[in-house]
Amino acid sequence: MNQRNEEGLLLSVENLGEKLFRLKIYSPEIAKKALPGNFCHLRVNESYSPLLRRAFSIHQVETEKNSFELLFKVVGPGTQILSEKKPGEKIDLLAPLGNSFSFPEKDENTVLLAGGMGIAPLFYLVSSLLEKKFDPQKISFFFGVKKKDEYLLVNDMVSTGIRLHLATEDGSSGYKGMITELFFQELRARRLKTKRTRFYACGPNPMLKKVSEISRKFKLDCQISLESHMPCGVGACIGCVVNTIKGYKRVCKDGPVFDAREVILD
Amino acid sequence: MNQRNEEGLLLSVENLGEKLFRLKIYSPEIAKKALPGNFCHLRVNESYSPLLRRAFSIHQVETEKNSFELLFKVVGPGTQILSEKKPGEKIDLLAPLGNSFSFPEKDENTVLLAGGMGIAPLFYLVSSLLEKKFDPQKISFFFGVKKKDEYLLVNDMVSTGIRLHLATEDGSSGYKGMITELFFQELRARRLKTKRTRFYACGPNPMLKKVSEISRKFKLDCQISLESHMPCGVGACIGCVVNTIKGYKRVCKDGPVFDAREVILD
Amino acid sequence: MIPDLSVKIGKVKFSNPVLVASGTFGYGEEYGAFFDLNKLGGIITKSITLNPREGHLPPRTCETPSGMLNAIGLANVGVKRFIQEKLPFLRNLKTKVIVNVAGSSIDEYVEVVKRLEGKKGIDLLEINISCPNVKQGGITFGSDPKCAYDCIKAVRDNSTYPIIAKLSPNVADIVEIALAVEEAGADAISLINTLVGMAIDLEAKKPRLSNITGGLSGPAIKPVALAMVWKTASKVKIPVIGLGGIMNTQDALEFILAGASMIQVGTGNFVDPECSVKIVEGLKEYCQEKKIKKITDLVGKLKT
Amino acid sequence: MIPDLSVKIGKVKFSNPVLVASGTFGYGEEYGAFFDLNKLGGIITKSITLNPREGHLPPRTCETPSGMLNAIGLANVGVKRFIQEKLPFLRNLKTKVIVNVAGSSIDEYVEVVKRLEGKKGIDLLEINISCPNVKQGGITFGSDPKCAYDCIKAVRDNSTYPIIAKLSPNVADIVEIALAVEEAGADAISLINTLVGMAIDLEAKKPRLSNITGGLSGPAIKPVALAMVWKTASKVKIPVIGLGGIMNTQDALEFILAGASMIQVGTGNFVDPECSVKIVEGLKEYCQEKKIKKITDLVGKLKT
């Protein structure tokens, strides 16, 4: 009974761009325990529409303030309702859930790839590394979005001194194309070390499929954070599985972080 | 095609007491057409919980302001959601629906009986009579509630000069008991004329059952406004029927106003 | 490009595939106040029986999560008054008129059908062999392939109108029933009628419906309806008409992809009286946007 | 007054009538992190088959109005690993343990049941003759009274545990099946498993589930479940266990009034992991408030 249904208190709701929102939630328990890669399973209201909980990565934690953040995009009814919440409302949460990213060694390089909302958990990972005094120069962050007004938190990242690589699919800013293409170019041009380097990726499935192929090809030590439809979120229903070389694994319990080389995305 | 799905604009939401709310809605069409006794069928939100529309009597109309009012009590999810609406929101309405009260002649007496939220349509009827210069002294209003903090609009009624009779079930103010008992006493004591007098009643079914029995016994010309579960509200589903001496009648279309002597409530 | 939304059942050509479901649209008059009924593909009447029926005691309906229960009890004016009082209004419409017929014995179905024969203003019949709210007959015809066959065959032999058989979802194998009515000569099949359900008033310790059980409709049953349409459409040669929880264009398109040639809006009419015409518009827009010339090109195009 | 919530099935006495439904609670471990499992009347395991099953391709679930579809495909560790890896955890609980058994042939059911025989930590078996998500067997056993009888009889003859037969709602006449399994020696009946359903991704023109169809659960199906419990409970002598959309104490009480001696929480666990224990508490409070000495006094007390 170490896990509980937490009742968080919504501290703030920020609109960061078109359909992009950041929630800050007060919950000492979660703020204390949450690790980069963990997620929370959240009930958006008490009605039956929508019925099931919605999963969101822990995006940032402020331990001293007993709070943590979520970053999300409005894509359907659940996220719509969430975006309309007001500070002071209670939030019904199960968290922290799932496994977490395993950290690099101090002297290793870190390369992160975020596609769209994939930034949510990876930003927390970067913050944690920097807090642990990792050298920002050894951290490369690849961030790709569809068009430039979907960029998020870029200034925050620039100010940390990490190496930032940006791409937009429509070429409105940065490299024109998929972030995985830019990444692949850098890899092939050997501008990225692969030895003693830890790779992390999060984003839409087609992107992660690419990442997992590249990881297998280049034998990268790469962790990816997956999404799936999650009825229970705690490992009980076996509904959220992903295929791996070791058979089906539950994204919610055995993941959401998996070794990119083991996952078989279709 | 004289009826339409109206989109009203919510002008104000007032909390008039525990769980009691009054909404003012802007809608020139409805304000122009609505008669005392008419109701509106309202969709509280776009989700499927609740799925069906909710019916509310037209409680007041301000023709010059192109607005009308609803008065309701929070009893379940639909009314709860409605009570949380904010001015400026759009309200999806079908109105005015149903038949309306037939008015007394100028020289007739008028006796109205409201139980709880039954005040909603009857208040509109009284206002209309007064506006048409009916003599307030010829209007008697019996208003019964469970306990005194459920009284509504009493001051408004007092100031009009009509004869007000109040009752609470718990005796916390006015006559102690059901409003129908007080009414029956007054009738038997012949303090109420029955000739050239029009009676009107609205309230919970047990009350209206009493009223309909009394009306048959004393041969009162009495109109009652009924409630029923209304899927369509327009007469198409035959779901909202009430039994009458002429067979089942649709409350939404053949009513909600019926002759008290014809209705058979169980 | 104006997409072609027309569909055919038997020899009847509908201007579009959107119908309104029996029992949710009365005899058409009421909703005529809200929009031009001629914009619909067709109107299906409340079930008509031989004699007028008062229907069940109230309460007859109640709401359930994303759905509703009804036990109207086939309340209707009876075939005679239908022809005298209701048909004249329907006859004046340009939209297609489908008369839904119910009965508690094959003889009753046949008798009603005979009386409707040759009446001006009727384009098709929908035979309700699936009503869960009457004791005799009704649903039993719909749950046994032999009974379903006999009933539809008898109607077929006594009517020259194209016939739609409306089936019950309260069966183990819908395909079996569908094949039986196809064999009996039905020109189309409509699926689904309501699921048998019940709701309880805990406070009163009583059923919410006076009839105890009723029929469940609305978005709650859409997944069940879609599955039945999909299973049936691939097995029968006649057109399938899909319904159950259709509330908007997207729902309608899902049924069409699953194999429905036409769709019906039932409970959706209550939630939004203009639901059906909005779907007609929505289908047109969808076809335009996706450059689909004929709506029939979409039927059954689910990739499985 | 502390109300007596205990209930008996066969010779097994449960501390209260609240169970968690098969497939929604794994093998108990996961939810043990959220509350004291011993507060439950009992735990029903995921369906166990003879051999381990990987289950269907993802996506395996999707949400529908007030409900969800699943096509897990009976993914489970198989009876051998169940006994080795999962039973030890369950054995240490004080709550009752019900092992749910599935198979694609009567032989498979019998073989699983034989291997479970005499294993410490098992209190009852629930025989799933109703899973809509496997091609062979499964649901077919549950939709024909003869097959249902044969399956339960074979299990009965090969097991000394009390047996609960879990029935499918995808039938025309649930009472017929219930009477058959009672005749075959079942000690109780649980109703309902999921309704067959389907959902479509319009954008992709593909079914939302890789298995195309799945099982519908949650509040959407509660009216269907209540009707089946009510119909069955008055016809069989053995206890009926009700489930389908139970999300709170009120829902549970409605099933009890309709005739259920016990209830199960399925999808409700996903919405609120503590849903089941909250119902245990809620039933206690209700009985206290209404001065009901024994919960069994409420069973079937619907006024009709």
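Letters A, B, C and D name the chains as they come in the text, with residue numbers starting at 1 for each one.
Just so it is clear, a residue touches a chain if its C-beta (ideal position, glycine included) is under 8 Å from a C-beta of that chain, and two chains touch if they have at least 3 such contacts.
None of the values given here were measured: they were computed from a predicted structure.
Q: If we look at subunit B and subunit C, which chains touch each of them?
A: Chains that touch both subunit B and subunit C, as defined above, are A, D.
Q: Going by C-alpha centroids, which chain is farthest from subunit D? Tell me that one.
A: Most distant chain from subunit D: B.
Q: How far is the middle of subunit A from the middle of subunit C, if each middle is the mean of its Cα atoms, in Å?
A: Their C-alpha centroids are separated by 48 Å.
Q: In whole angstrom, how far does the Cα centroid of subunit C sit from the Cα centroid of subunit D?
A: So the centroids are 34 Å from each other.
Q: Taking each chain's centre as the mean of its CA atoms, how far is subunit A from subunit D in angstrom?
A: Centres of subunit A and subunit D (C-alpha means) sit 36 Å apart.
Q: Residues of subunit A that contact two or more other chains, please.
A: 48-49
Q: Could you pull out the residues of subunit D that touch at least 2 other chains?
A: Those would be 65-67, 218-219.
Q: Based on which chains are in contact, what kind of graph results: line, ring, star, complete or other?
A: complete
Q: Could you pull out which subunit A residues touch subunit B in their complex?
A: It comes out as residues 47-49, 77.
Q: Given the complex with subunit B, which residues does subunit C contribute to the contact?
A: Contact set of subunit C toward subunit B: 23-26, 30-36, 46, 54-55, 57-63, 65-68, 70, 72, 75, 218-219, 247, 267, 269-274.
Q: Write out the stretch or stretches of subunit C touching subunit A in their complex.
A: Listed in rising order, the residues of subunit C that touch subunit A are 65-66.
Q: Mind listing the subunit C positions that touch subunit D in their complex?
A: 64-67, 69, 143-144, 170-173, 195-200, 202, 204-207, 212-213, 216, 218-224, 226-227, 230-231, 245, 250, 253-254, 257-258, 301-304
Q: Which bits of subunit A are touching subunit D when the two form their complex?
A: 1-5, 43, 48-53, 92, 94, 228-229, 231-243, 247-248, 253
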